[in-house]
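This is the structure I have questions about; it appears just below.
Per-chain numbering from 1; labels A, B and C assigned in written order.
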């Protein structure tokens, strides 16, 4: 697929942040963020530590409620919704500090992420209200699950889907291992697989290459492109590893002290004087360009 | 892959058969006990199952969902009163409500024990649903205190709503319906329900909430709704256990040490002893606890130790159990089972190990 | 509804007094919580031990009342240190829930200990006084009777809180306490022995709880092993009310809680029997409306 980064007008923004500001007491972590993510792109967000990148993700996913501004996803104003509702609407994420369900198996971690397709009626109503297809199929899943009424078949399907997904990310051989027992790189991968299991349209990855060796991050780049195409996703990626950012992102947003200071293609960004200044003036971690 | 699926299915079927056989085996043992045991021993055997229901239901919230509630005694109390008021015959009620006659609605209620127990569970579940709305929005320690507080509020209500609960006089003359079959039967129902839940997608969601509530919410799980669900189910079975307990004790006296926080502590000890998070652990913890309680009873009568006579020591049971509780927490931490369960797979592996070491 | 001014004034004073006692225990909760993020469930029981120590000091060993109280404060301070060392210290690096369960266990242990060694029945605290009449004397102004004991308790509470504030804000160990409460790692780098500071915190918190207990027993003289349960819980609620972690908040929260309780009863005398239930309802409302409490700072959990 050929992506034309210039012809913005023909492209469909799947996510819009309209003048989003997030304050904590006196600190403005995100300051008037006003930008979009286009359907199917891989968008990078970079910037020094504390620039507000993770906070942008937390605001999009409903973990924080923005001080001001609106967030539109897939034509729905998701600003007032709770994290589980936003996930059900199609936004999935990973966490900068891995948050797996450590005591559960790899397979169970993925199965948990499918659970909302049985039970999230409140978010389903939002979909219906906006004229979209509801995602919860069937009724009374709780009772059916406890009394095993047509539930075993459902469970079998869920396991099959989860195993397929694990195969695609090459974690199937570890399906029955405890998630916390996996090596670091595999844990990051499992977090991505778990996010994919929620069946998202938009995937937010918070520093997926952190703690990976060069070979692993090389693989990760391929992996991100692969899942974007395979699952027809839009990906937003926060990353410190410039090699990964420059290698996979089609467009990059640069943040500093809560503000967007630059935006463009990797080439444009690497030539931008304000970005270069920010690089030189501040301490950047893991800069290995 | 297909064959793997088939063997999986075969194994589940085999395990199911084994489970059914095990239940039948236990039922036979209980029948033997029912014939051979004296009435005191039968009482203890019933109590074990009642404690089992209390522990398994508390474990659902505290061990599996990872939400630390201390309100169990409140739901047990609610169930106990509800069912007792339903089974005490109207003539009896007229006799025990001395200070103030029973409310006309209460005075004439009368149902059989089974219906009363179901209603008791239902009322406790409703109570949990109402209390859960504010309490489950709190986090961690606050939730613990608030739930303990609510169970105290229920006890204070029980002490003062004279025309409904007979106030501090409590209820007397509750028919002694609870026997081995009722208590162990309800334990079976409780365990089947909760294990079936835990082994489903809903149970995985609860475990995910325990492991990492923020990630669970971010994976699309309505954490509040699911926590409330586990709270309500737990309260239903707490109510059932309360009904069985009331018809085992035949009196309800709403003191701190009987239906107050001390009862919650007891159940907590059972669960912690067995391993917080393990259903099998909770059952074994409860059985062990009931056994210890009865065995330690000897200290509360004049007793002989190493040939010397001692007078009765009141409260000795609680002292020993509280020491056991604290020591478990500090030294043993995970209790008997940790979060592990007894499964047929586990037993097969264990037997294989024994056989191998035996043949060597 | 006509309010009797005599009753109003008496109840207000009573509320102030009970609130002051809540405050004494609440500062203990708040200091320990500030440092260890642990609800020391056992403070209510430490309070009861304080009552028993003073009672037996005066009746069994025949110490003078002030001396018996002094011994009781020293004894409970030691008890506080022992509880921390034996029960909480081994769990410093365990999940917080383990520490909370252990705290419940400790509370249960102390209650059971009291039942076994001091008996399960109510005891008359005033037997500890040589001159019991002090507990019944009143100031009479017009037709208003104001029990002297209330003023004595208010005075001692004020002095105790003043001393506490001096310790926390004017001494080196107090500074260390506040520093640890803010951030442990830097303090241990600065050469402060964290364990000693924690031990000291437990010692003064426990002594304050015991002092509150003794005064509680002077006003409500009949006590038994579970006497501390409800005041202990309420003191925790007072700490949350004021903003947990804040000593000033604990004092304000305690006094407000005491006064609010008494005012509700004054306005609606029929609710008297439900008095103990209000605090929990207040707790829920506070936590839902202003989770950081009156004087606490609001924080959003970092994700």
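Operating definition for what follows: a contact is a pair of C-beta atoms (placed from the backbone, for glycine too) under 8 Å apart; a residue touches a chain by one contact, two chains touch by 3 or more.
Everything quoted here is computed from the prediction, not taken from an experiment.
Participant: Indicate which of the five shapes (line, ring, star, complete, other) describes how the chains touch one another.
Facilitator: complete
Participant: Based on CA centres, what chain would you say lies at the far end from chain B?
Facilitator: Between chain B and the rest, the longest centre separation is with A.
Participant: So which chain ends up closest to the centre of the protein, judged by Cα positions averaged per chain?
Facilitator: Going by the distance between chain centres and the overall C-alpha centre, it is B.
Participant: Approximately how many whole Å separate the CA-defined centres of chain A and chain B?
Facilitator: Measuring from centre to centre gives 42 Å for this pair.
Participant: How many angstrom lie between the CA centroids of chain B and chain C, rounded to a whole number?
Facilitator: 33
Participant: State, to the nearest whole Å, the distance from the C-alpha centre of chain A to the C-alpha centre of chain C.
Facilitator: Taking the mean C-alpha position of each chain, the two centres sit 48 Å apart.
Participant: Can you list every residue of chain B that touches 2 or more other chains, as numbers and ranges?
Facilitator: 214
Participant: When you check chain C against every other chain, which residues touch at least two of them?
Facilitator: Counting only residues that touch two or more other chains, chain C contributes 303.
Participant: Enumerate the residues of chain A that touch no fewer than two other chains.
Facilitator: 63, 95, in rising order.
Participant: Chain B touches which residues of chain A in the complex?
Facilitator: Per the touch definition, chain A meets chain B at residues 61, 63, 82-84, 87-88, 92-93, 95, 99-104, 108, 111-120, 122-123, 141-142, 145-148, 151, 155, 158, 194-195, 198.
Participant: Can you name the residues of chain A that touch chain C in the complex?
Facilitator: Of all residues in chain A, those touching chain C are 24-25, 54, 58, 63-64, 95.
Participant: What part of chain C is in contact with chain B in the complex they form?
Facilitator: Residue positions touching the partner: 39, 86-87, 90-91, 94, 96-98, 100-102, 104-106, 108-109, 111-113, 115-116, 119-120, 226, 229-230, 233, 236-237, 240, 273-274, 276-277, 279-281, 283-284, 287-288, 303.
Participant: Enumerate the contact residues on chain B facing chain A in the complex.
Facilitator: 193, 196-197, 200-202, 204-205, 207-208, 211-212, 214-223, 225-226, 229, 339
Participant: Show which residues of chain B lie in contact with chain C when the two form their complex.
Facilitator: 66, 68, 70, 134-135, 137-138, 140-142, 144-146, 148-150, 152-153, 156-157, 159-160, 214, 256-257, 261-262, 265, 268, 272, 313-316, 318-319, 321-323, 325-326, 329-330, 333
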